[in-house]
Amino acid sequence: MKKINKWISMEEALEGIQSQQSIMVGGFGVPGTPFTLLQALAEKKLNQLTLIKNEANEAGMGISNLIEAKMVTKLITSHLGLNSTVIKMMNNNEILVDFFPQGILAEKIRAGGAGLAGILTDIGIDTILSRDKEIIMVDGKKAMVEKALRADVALVHAAKADRAGNLVYTKSARNFNPIMAMAADIVIAEAEEIVETGEIDPDQVHTPAAFVDRLVAINEITREYEVLESHVIQK
Amino acid sequence: MSYKNKIAKRAAEEILPGQVINLGIGLPTLAMEYLPENMPVMIHSENGILGMGKPCENGREDRNLIDAGGSYPEVVTGASFFDSALSFSIVRGGRLDTAFLGTLEVAENGDLANWIIPGKFSPGIGGGMELAQKAKRLIITTTHTTRKGEAKILKRCTLPLTAKECVDRIITELAVVDVTEAGLELKELAEETTLDEVIQKTGAPLIVPHDREASFPRF
Amino acid sequence: MKKINKWISMEEALEGIQSQQSIMVGGFGVPGTPFTLLQALAEKKLNQLTLIKNEANEAGMGISNLIEAKMVTKLITSHLGLNSTVIKMMNNNEILVDFFPQGILAEKIRAGGAGLAGILTDIGIDTILSRDKEIIMVDGKKAMVEKALRADVALVHAAKADRAGNLVYTKSARNFNPIMAMAADIVIAEAEEIVETGEIDPDQVHTPAAFVDRLVAINEITREYEVLESHVIQK
Amino acid sequence: MSYKNKIAKRAAEEILPGQVINLGIGLPTLAMEYLPENMPVMIHSENGILGMGKPCENGREDRNLIDAGGSYPEVVTGASFFDSALSFSIVRGGRLDTAFLGTLEVAENGDLANWIIPGKFSPGIGGGMELAQKAKRLIITTTHTTRKGEAKILKRCTLPLTAKECVDRIITELAVVDVTEAGLELKELAEETTLDEVIQKTGAPLIVPHDREASFPRF
């Protein structure tokens, strides 16, 4: 019998991804951003996408390329501090941006992945964030209803994968990747290294194969993945 | 072949290559025996395993590795271990292709009651409610009747439900029955039984799509 | 400067644990149950404890010893299928038992650890479990409010720990341990092996040191930790 | 010493051995320089690090390892990496001893406003709201006034809040001020300033517990 093998070509991996879909994208800054998948996605010339990502990368990088190319109608995110280009587009109403507290964004995504309807939290309860939120009382304290968040597609970046789809992340490149890998109908992972199934210690798998639908190899660690010289502190 | 083995053997045929499967408590050991060698399937166990294998060879049991029923399994190449929150995220998050569960009662609309007999039996809930409600396909593996000979397949469940309208297929030692929009449909007959016996032992109307008993696929 | 060292004696580890407290206990069956901590706890002769554990172990083992000794007023659990002694005590009203679906119990504990007020779920929505629950509508569907669960103390079992308190679990002995280690005011871990800080790969830590307050070594893998002969299938 | 360095140096004194600390964006690099060598402290970074160290030596940057502000840190012995959900569980779950945040405004009741100037500035929320609301101790590190010389420490915040009544201590280049039940209490004065200057540049009444300016601890 054949072994499970999810490693396919980039063309197969992106098959069926359409305009108007919602797409989660892993990464916090450069580490963990699936630049290779995003580059291939950018070439598909889709539009009216909803993207979900911690931030918008920086101008000219990662999802910022898709946003700058007007492929994105809405961005669900936590912070755009390092991307003045997207901030300008937001201020000019060229893109709709929904902000959430970073950990609440993570919990909404995780709740989607965990098949929950939502979470209850007091984060932002005394702020303008609570304005449009349903508030209920839990043990005498106010809590906001934050709905679970799922997407049609998730794009994640792993340091290592096996052919069955088990993923391992490294260092701060883990971030949103494991929770997004739980929370989409089609989960596509790019990996820097793809090994034979069985080579990853079962105790050290970060994302079990059950969550991963499609797997591509990164042929080259391109410039985008490398250290950003502008963030290096010269001493 | 015991009725348990018969059910397990037929249940094993429901498992397709590449799927993520939960075999419930009790059935795993038996059903695993009937899976083709090296079948590329990922068996999920509620206690935090994906890629459970056959029961251990005697003497090779690992004190740190049990299945959700307490037995000692092997794991297959490509297995992973995780915590209980992630384990049920696989179930509730829509990543479980098929779950198998036993039952006390099952109704013609797919209602399932398998966790409590008020005042008599209630060892708890375990993972069954989540498996029943969230597996993409739910197959009930059960004896056709109780030990007293009472029907377990009913028009309506009399016991408190585990989940509503969740069952897709029922596999017993006598028959394979599907839950359809139109009602319960008889799909297969065991070699040892007759159409009359199955109809008589089933507590709800059966849609019988074949003219003659001889037309039924047998298992 | 001194390094962080949470490895202390059993006496110090259990200091301050009192009657009437709530205690989470890791483990699913034998694997991951902190038998050494439970044995020491049993010797403290406390009473009116609330225990939170997936199951009640089996008669004469683990938390069943505490329950049989009438130290426990209430048990929050998922299933007692393998412990007819505790089922009898429940039926005789010698102990109050709250049952939750296993994964919902896990999510309630995780929510406690994650500082959420609770979760929203449809599990059990059509059953008697929903009777006493608050129901709200989320996107047109009914969802039950399940409150976050925290405890005064958590007792967890790790395969390996470093002196700083980073924990690693093994195989199916992980189960509820990582989430309980997040969800108590005092988290006490027992470990089969305690290594110098730095010996665990930062990518392979299952429970970060921030969650662990006290650490004890298991001096001996006693009989309770071993394979249960009654569960071995003789072929 | 620049005002930034002065604030970072004073902030570093707030960190006690064994604590779990979040240094916010911008401050980490500077404050780390003032921590005693081998201080046993676990620095948390929102993007999934516990045990962040000093900034990397030039040329030793790791493309997979940044802090929440985008800089390239080292990690200390005993560090761990985790996902964003677990990272904020440390914060919201009560495991973060002290957080440091910058601000736009801070009020005498401890209200904090540091994330939005409606119509002008709103790069998002990031992790600040959770740090402000859930750290066991919140210390604000900020210039005493805006670039235009307007007070940042006010009777009430005029901007939308980040969190209510969350601030414990304010450290500026001029003073250390505590938020108390009775109001803002002046604790320390910078060497370069006078009591009058601090009172004049603070937009809320200060409780001044010392008779004479000379009695104040200086930093």
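We just call them A, B, C and D in the order they show up, numbering each chain from 1.
As a working rule, a contact is a pair of C-beta atoms (placed from the backbone, for glycine too) under 8 Å apart; a residue touches a chain by one contact, two chains touch by 3 or more.
The model shown is predicted, which means the values in this text are computed figures rather than measured ones.
J.: What is the touch distance from subunit A to subunit D, in steps?
T.: Between subunit A and subunit D, the shortest chain-hopping route counts 1.
J.: Looking only at C-beta pairs that count as contacts, which pair of chains has more of them, A-B or B-C?
T.: B-C
J.: Measuring between Cα centroids, which chain is at the maximum distance from subunit C?
T.: When every chain centre is compared against subunit C, the largest gap points to D.
J.: Rounded to a whole Å, what is the gap between the Cα centroids of subunit B and subunit D?
T.: Roughly 56 Å separates the two chain centres.
J.: Quick check: how many Å separate the C-alpha centres of subunit A and subunit B?
T.: Each chain reduced to its C-alpha mean, subunit A and subunit B end up 36 Å apart.
J.: Taking each chain's centre as the mean of its CA atoms, how far is subunit B from subunit C in angstrom?
T.: A distance of 29 Å separates the two centres.
J.: Counting only Cα atoms for the centres, state how far subunit A is from subunit C in Å.
T.: Centres of subunit A and subunit C (C-alpha means) sit 32 Å apart.
J.: Where in subunit A do residues touch at least two different other chains?
T.: 107, 114-116, 121-122, 169-171, 174, 202-203
J.: So which bits of subunit D are touching at least two other chains?
T.: Residues 81-82, 85, 88-89, 91-92, 134 of subunit D each touch two or more of the other chains.
J.: Chain pairs that touch, all of them, please.
T.: Chains touch in the following pairs: A-B, A-C, A-D, B-C, C-D.
J.: Which bits of subunit D are touching subunit C when the two form their complex?
T.: 17-18, 20, 36-40, 42, 44, 50-51, 75, 77-82, 85-86, 88-96, 134
J.: Can you tell me which positions in subunit C touch subunit B when the two form their complex?
T.: 28-32, 54-55, 77-82, 87, 97, 99-107, 109-110, 121-124, 126-129, 159, 169-179, 206, 221, 225-228, 231-235
J.: Please output the residues of subunit A touching subunit B within their complex, sorted ascending.
T.: Touching subunit B: residues 1-4, 112-116, 162, 164, 166, 182-183, 185, 197-198, 200, 202-203, 205, 208-211 of subunit A.
J.: Given the complex with subunit A, which residues does subunit C contribute to the contact?
T.: Where subunit C meets subunit A, its residues are 107, 111, 114, 116-122, 134, 136, 138-139, 141, 143, 145, 147-148, 168-171, 174, 202-204.
J.: Would you tell me which residues of subunit D are touching subunit A in their complex?
T.: That would be residues 25, 29, 45-49, 55-58, 61-68, 70-72, 81-85, 87-89, 91-92, 116, 122-130, 133-134, 160-164 of subunit D.
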